[in-house]
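Here's a structure for you.
By letter and in written order, the chains are A, B, C, D, E and F; residue numbering begins at 1 in each of them.
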Amino acid sequence: MAWLGTLITQTPEDGFELAIKLSRMAVKKTQPDDAARARMRPDYANNADSLTRVSQVVATHFQTIAQANGYWIV
Amino acid sequence: MAWLGTLITQTPEDGFELAIKLSRMAVKKTQPDDAARARMRPDYANNADSLTRVSQVVATHFQTIAQANGYWIV
Amino acid sequence: MAWLGTLITQTPEDGFELAIKLSRMAVKKTQPDDAARARMRPDYANNADSLTRVSQVVATHFQTIAQANGYWIV
Amino acid sequence: MAWLGTLITQTPEDGFELAIKLSRMAVKKTQPDDAARARMRPDYANNADSLTRVSQVVATHFQTIAQANGYWIV
Amino acid sequence: MAWLGTLITQTPEDGFELAIKLSRMAVKKTQPDDAARARMRPDYANNADSLTRVSQVVATHFQTIAQANGYWIV
Amino acid sequence: MAWLGTLITQTPEDGFELAIKLSRMAVKKTQPDDAARARMRPDYANNADSLTRVSQVVATHFQTIAQANGYWIV
């Protein structure tokens, strides 16, 4: 089954969650070892700059997803 | 209740505030522990580069929101 | 009174100034203490990489503002 | 044979895989020595910030590819 | 006289030069002291990462300028 | 003769090569000394983060070039 079937979401909030998912998936595909990623979690989860960098990736994906959804304007 | 109901705002200024909110929300969703985030605040709030990085995330979200709002041109 | 009434400017140069203003405003809203920001100024104003990072934020905002203004094509 | 024949993919997921490929290809073309790249793999694969940076590149390419594919809207 | 009269250029190459100019202008407006900027030049001009960061800003401005010029398609 | 006559390329792959060229040209124009750039090559060619940063610049230019070429859709 596809982990990314569509960029279309019901709401902006769902789009934001999808953006987070995409940002994590690129990490997972670069480092597929679950244990290795788990070991790194304290490094970035307790570092302000690391979290800002994650937020930057989310912002880029959210822009793509928002465009795909016509900005959810009804 | 949705924390992000719409990307549409009345004014550019409201759009800028929403961009700040989105940039913080991605951090919050990556580090949900309120105390952990509070501990990190002095780190980035007193570091010029950290603040510039935050400003970069805001700029990316603001671009998305400005597009969604047709740049608030009436 | 609004600090950001519109993204529309008379000239590209005014748009560039607005981009600088937006980049600073996100910093100000993250660190509202004027004295704290003043203390940090020597840090980034004398560091080439810090200045480049600031320039990157300005470039992102300028892109948004240029789009809003139809690239000032008359 | 071309390594990049088209930006068009059947699904968003294939588009994401292509984005990863493009992000790696720029690295390969800058450092063509396979052994050198292999030596660096532990450096970035076990560093959270490095992985986030990779994820940022993927996000940028994915935006391009999503636009090329009309966001896979059928 | 305006330092940025228009985003329109005759050629892509002129557009690239303008992108470089814009990237430098944001630095100049943040650090207006000519001597201070001159002192920093060896820092970034001999550091690969610093040069890449500068190149990133140029890429962002070049995107804006290319859009403004309809990609110079005649 | 112009080093950048057009953004239009025959294929996506040629577009990718052009993106690499543009990313390097901004470096060259900031540090025109060939020997200085050659000295720095081992620094970034053997550093994973440096290569990722280069890849980010390429991704940004590739987006511009892909847009210019209508994503090479025939």
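As a working rule, a residue touches a chain if its C-beta (ideal position, glycine included) is under 8 Å from a C-beta of that chain, and two chains touch if they have at least 3 such contacts.
What you see is a predicted model; the values in this text were computed from it and never measured.
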Graph distance between subunit E and subunit F, where chains that touch are linked: 1
Given subunit C and subunit F, the chains that contact each of them: E
Between subunit B and subunit F, the fewest steps along chains that touch one another: 3
Rotation, 0 to 180 degrees and nearest 5, that superposes subunit D on copy subunit F via CA atoms: 60
Distance from subunit D to subunit A - Cα centre to Cα centre, in angstrom: 15
Cα-centroid distance, subunit D relative to subunit E, in whole angstrom: 27
Subunit C and subunit D, separation of their C-alpha mean positions in angstrom: 31
For subunit A, residues contacting two or more additional chains: 44, 49, 53-54, 56, 60, 63, 67
Chain contact topology (line, ring, star, complete or other): ring
Running round the ring (origin subunit A, first step to subunit B), the chains in order: A, B, C, E, F, D
In the complex, subunit E residues that touch subunit F: 11-13, 16, 19-20, 44-49, 51-56, 58-60, 62-63, 66-67, 71-73
Footprint of subunit C on subunit E - complex, ascending: 2-8, 22-27, 29-31, 36, 39-41, 43-44, 49-50, 53-54, 56-57, 60-61, 63-64, 67-68
